[in-house]
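Each of the two complexes below includes chain A, the first together with chain B, the second together with chain C.
What follows is the complex of A and B.
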């Protein structure tokens, strides 16, 4: 039942925001904060995650039910969504073309509804509906308020993702027809279905295509840098902070339980591709002059490491993937917001045309350095626990791949620190000498992010111990290829 | 049945009432009311001055010539609804064609009667009569814009091609009669079942293929689709709306009724060609639509592509659930198309152009129109939670269930192409610089109908069971 309320709050506030004109931003913020408060309340007042679940028949002739449920991993992502959306709304409060636009806030909240739906759907058909529904708002945000050449770039993004999801739809239907009659889309029925290895491999490929495009995994990433760069910053935050987690989550929730054999057959190649992607994206990131583009490529590298760890199917890899999904969401949103502040005040995104901001904006510099260190995984920041576990997982899986993947730490430090040095340090020039420090609103966005970076750096077990039982189940399930469905939801 | 009589009387009345110059509002309002009433009356049977519910009764009329089972009743009601909606959007049409409203409305009503006969026939002669009653008024209506050469071209092209197709159809029926010595669907089906030799009979095979080709023409499938874009573009937009929605639905309903009831055992003759034709129809329609700049042409090619999807249901037909798919697909396609054409009629009326560019920036000047168009385009493209998504879903799942994986994959690829050209319109409306600075004045009635259409498209997508599980 609680799952239904979590869907209900943002959708209602989205409609309210749509019709509240100038005060839309306050309505939207109130809705997002209420949603966060309710999530925290639900989390502490419930004895088990099973109490989040809700199910009612929807289209009975097709065996589709409106069925929601949470396990520890999806709860982490629900938390991530509900923490980030209020921050994203707050970050767009002033000085942007969309700051006073009711449609914008309604789209963000509709997006939140769809994301919560993706993370809680326990019916594959419902999952698909939410999956598609999440695309429309972010496409409109990016295309209406986007930068140069936005029509072409966002359309490419749209067609790319629709391409993946329609093939996933094909896979879903094929899987559905394999369930005993009367057919069903329920997670439990799909996971128990008996299929030949050829069919399993094919459907696995269709699902993986959709998830890999969303994440994106090399070589399906070509839509991502352009889209991240031209999108307005809230759009980029939604895309990179939350939306790409849909793909990783899809692998954990749908691919592993339903296609364990195919997953085990293919995981060496998938880990290898992911590792190649890490190195490829890091090297390109080093050569970027536009800092938004640099972070876009660094995001590909980070996601590559997450997927590499996840595909190994080791406990360290899966646990690392879960905590790093959360950390990456927090860090990348913080980074994009800081870059937005800088580019808004200087009208420039060129790394080499800036410098010396630290002299006039010490608060910004401190927030920037904390979030950046979190993103390069310095010990005692949140990124460290995640990347360490991921690298350990890859190393245990294959020593050589682990060694290559380890380069990400060095390369990540190179491009991040170089960006920091050129943008913040050195002599101030004409564009940066009158740089104003953070306003109260901006502080209100960045302080929680910095706090999470440090707290999770000191106590990663807050998340790790919570998700460990589920991760352990996933790993042992992959090892045995038999799966106790009831166990997952506990 | 009684509805057909009332509708005929209505048509005659409208035609005659031209003598007294009644107002447009009166004639249109009367027709909408009567058509909706007749739509309801399809649910009843006239039994010695009592009206009894006809659902599940399977009544035959006129010596087994017409057969009102649940299938025929559902389609008749759907067609009445579509025509009533088209009439309610006729404002701009009759502003252009003042003083001709009685004749135009009468012709539309006659076409509706033809379509109702097409979905309820039980006899090949009845099918032919239905098709002709439907087509002849449309030949005239396509050319009502007498001073416009495009409209003349549209009419003459439609007439010549349509007459040719009717000839094929008639020739095929004769050959079928020659082999089976009957025009009744049941008797033909019995003959084919009891005489295994009939399957190999060349006369029957040629007859079936000729009928097949005639029907493909009526639903504008590849390679008989060349008339569609020119006719749709040249005809007045209201006539195009009528042709691309109700005619297509009626054509498919008749096509399915004929082949499902009669020629299922002969599928060796037509199923392979149908598989190829359906794929080519989807692809040719979709790929050509990408290059269109006129909205009417774009929707014409998209309607060809949709016809291809519907052909898949014929291909995989093995029980009446394929009929449900056609009903559901027809309903979602028709209402989404009507919504799109309704917006086009407004834009065309004020900007005198129907190119995609004339929609630039519509979202800023006319948010309602842009929103209606967006919902229509999303539904035609098959994006959830609109009706079009479930329509595609039913088709895909029936194709996969029948092991036509390759057709499903090609259909998916074409769905992506579809997204491409439907989103061209959305992009023009929302993301391009506007060229109309002021809002187009729209009457409250017109915008109410638009709002209802949006609601219907979305409700069909949220509760598809309501329509899909009818029979």
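What follows is the complex of A and C.
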């Protein structure tokens, strides 16, 4: 039941916002805060995650039910969504073309509904609907308020992701037809379906294509840097902070339980390609001149490490992926917001045209440093535990891949410090000499982010111990369902 | 006392938070008092721990605070280990750290970033204490990376200057190269030992014998850890950041880049001594890298004209001696030298800072001279530091260097010969520095000459204290052969006991006669160097030529630090930039994205032709429909899904 309420609060407020004209932003913020408050309340008042679930027949003739459910991992992502959305709304409050636009806030809240839906759906058909529904608001946000070339770039983004999704739809239908009649889309039925390894491999590929484009995994990533760069910053935050986790979550929720054999079959190549992606994107980030594009490439590298760890199927890798999904969301939203503040005040995203901002904006500088350290995974910031576990997982899986993936800690420092140095340090120039420090509203966004960076840096077990049982299940399930053990049975 | 242990790192952290948050409102005097007194508080607690240990009233303890990272059975607690080694390191960190805080209050007095400087210094001490307090490799790694961060912040402290910012960035990145080695070493330990706790890992290792255990695994682990150590402790080939790090304010060079942080690598290896002793291959590598670094850096030091650069290369060189000590199995010798070096190198750097302060920022020794009479306290203390580092008895450096060289001779006389050669270079460049700075006539501008003054009392008192320590520091570990009782060796015995047992079998102790002989040779070698330096710079009054003068090939090569920076620049930095651009412009834009866009264009192109099939002619449609049906039927006949 609680799951249903979480789905409804943002959509109700989205409608309210749509019709409340100038005060839309306050309505939207109120909705997002209420949603967060309710999440916290639900989390503390419930004894087990089972109580989040909700199920009712929907289109029974086709075996479709409206069924929601959450385990610890989806709850972490629900939390991430509900923490980030109010911050994203608050961050859009002033000075931008969309700041007073009711449609904008309605779109953000609709997006939140869809995201919660993706993280909660226990029926594959429902999942697919939410999956596509999440694309629409962010597409409009990028297409309406985007920067240079936005029509072309958002079109490419839309087609690219739809292309992947349609394969997934095909896979869902194929899978559905394999369930015993009357067919069903329910998660439990799909996970129990008996299929030949060839069919399993094919459908696995279809699902993976959709998820890999969304994350994105190298080499399916080329829509991402352009889209992140031209999208208005709230759009970029939604895309990078939350939406890409849909892909990673999809692998955890749908691919591993349904296609464990194919997952085990292919994981070496998937880990390898992820590691290639880490290095490739990190190296490209080094020479980027537009800071938004730089962070976009760094995000590909970070996601590459998350997927590499997840694909290893080791406990360290899975737990690392879960905690890092959360931390990456927090850090990347913080970074994009700081860059938005800087580009808003200087009209520039070119790192070489800036410099010396630290003289007049020490508060901004402190927040920037803290979040950047989180993103380069310095110990006692949130990035460390995740990166440590992910690299340990990859290293356990294959020593050489682990060592190559480890280069990320060097390359990450190279591009991050280069950006920080050129933007913030040195002498101020004409563009930056009158730079104003953070306003109260901006502080209200950045303080919680910095607090999370440090708190989770000190106590990563807050998340790790919460998701450990589920991750344990995943890992042992994968170990039991491998051709290496039961190849003859299938 | 144990219930106060948590305060040791927390006090400096509090100092950081108070000074960091209040940096705009607090007056400088309050900041200096808060910054220094927190360190003194930690120092007092450490002293009481130390007394407890030597009196035998304080047991060796691990203090658990909470579980930091837990995955399955693999648990990393946030916990501290209080034993002889960590307490010794903390004494150095908080003791020398406290003196440098006091000194900074005078040195940085007119700097607008005074408050920020103290906040950073306290943060540094916090991380450095974590580094040595951790009871497992992960906590050590937290401190390890944390001090790297503080070093970054402090090297680039004067952030208006982009060259300084580059130096800071370089230090952080090169350190991260080493950190990757450390990280991978930890992974290998975790996989092979199932834990990262020192106690657990070393207990298992102790039971292994060199023949049975997976030799490759231990060799791998120790080489990876050693790579980590070469980054932090500035050894070949990762030393290049340290000389550039002199961009930071001079107290930073004294504290971080001489006395404490750079010795972290030595601490790490000494802490893991049992693993290293079981990996003789690694030990050999460490000894060779150590002696090579010691010589290599010393030769560069011979030709430098920047007072801080000379000391920087000297630090690299002295760290090389410490690694030589580790490599030949003299863990006590390494830590002894860490300690004496902390005294005399901090003294020399602070003395250099005092000179720079008096000379209004001048660092080139060619523009100094004759400062002896104008800065008597600085001169006297600097002289003591110089004698100590040159290895003249009975000053501190003599004892620690002698212990290392004697042990090196036991392992291989070649190492000893090279070590003595390095010691000759050391004595030469240090006295060259001393003569050029404090003797002869003043060579700077008139304004400078008019302005030169002795430093204020809060700067000279730390100099005097460190000078005293540089004189008596050696007596903490007088060897048996000189009638002492190796106090430090006995104190640290529990830490190195197991390694000693393993190593003992192959080593034959030197006779007293041989030891006297070795000492006599190394001391006379140093004296000869000093005399040569005296002849060149005092009798002949030679001043190094200005940079514009053409030099011979060799001296040019050495003066330019063997062009190692240029080499790295051309072999690593530039190719990486080119690779980045190539990946972006060619692989990304034309390659991968080219294919994606090509597919898009293909679709549009195909539709351009396919739409021509939509003729509106019914006959054509019917024909196509028939074809379609035929295909479906054939498909159904021959292929069963």
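Operating definition for what follows: the second predicted complex is superposed on the first by the 481 of 490 C-alpha atoms of A that agree within 3 Å, B and C clash if a C-alpha of one lies under 4 Å from a C-alpha of the other, contacts with A are read in each partner's own complex, and residues count from 1 in each chain.
Heads up, the rule we're going with is that contacts are C-beta pairs under 8 Å (C-beta built on N, C-alpha and C of every residue); 3 or more make two chains touch, one makes a residue touch a chain.
Keep in mind the model is a prediction, meaning the values are calculated, not measured.
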Chain B and chain C placed together on chain A: clash or fit? clash
The chain contacting more residues of chain A, comparing chain B with chain C, is C
Message: So in the superposed three-chain picture, is A:128 touching just chain B, just chain C, both, or none of them (first/second/both/neither)?
response: first
Checklist entry - Looking at the overlay, does A:448 come into contact with chain B only (first), chain C only (second), both, or neither? => result neither
Request  = Have a look at where A:159 lands relative to chain B and chain C in the superposition and call it first, second, both or neither.
outcome  = both
- Message: For A:150, using the defined touch cut-off, is the partner it touches chain B, chain C, both, or neither? Pick first, second, both or neither.
- Response: first
### Query
Now for A:469: first (chain B), second (chain C), both, or neither, which partner does it touch?
neither
Contacts of chain A common to chain B and chain C in the A-superposed view 159
Residue set of chain A touching chain C in the complex reads 156, 159-160, 219, 221-223, 280, 283-288, 315-316, 319, 356, 358, 373, 378-380, 384-385, 388-389, 391-392, 395-396, 402-403, 406-407, 409-410, 413-414, 417-418, 421, 425-427, 459-461, 464-465, 468, 472
Per the touch rule, the chain C residues reaching chain A in their complex are 66-72, 74, 138, 141-142, 145-146, 149, 152, 156, 159-162, 165-166, 169, 172-173, 176-177, 179-180, 183-184, 187-188, 190-191, 576-577, 579-581, 583-584, 587-588, 592-593, 596-597, 600
Interface with chain B, chain A side, in the complex: residues 59-62, 128-129, 132-133, 136, 140, 143-144, 150-151, 155, 158-159, 162-163, 166-167, 169-170, 173-174, 176-177
Listed in rising order, the residues of chain B that touch chain A in the complex are 383-385, 393, 396-397, 400-401, 408-409, 412, 415-416, 419-420, 423, 427, 430-432, 463-465, 468-469
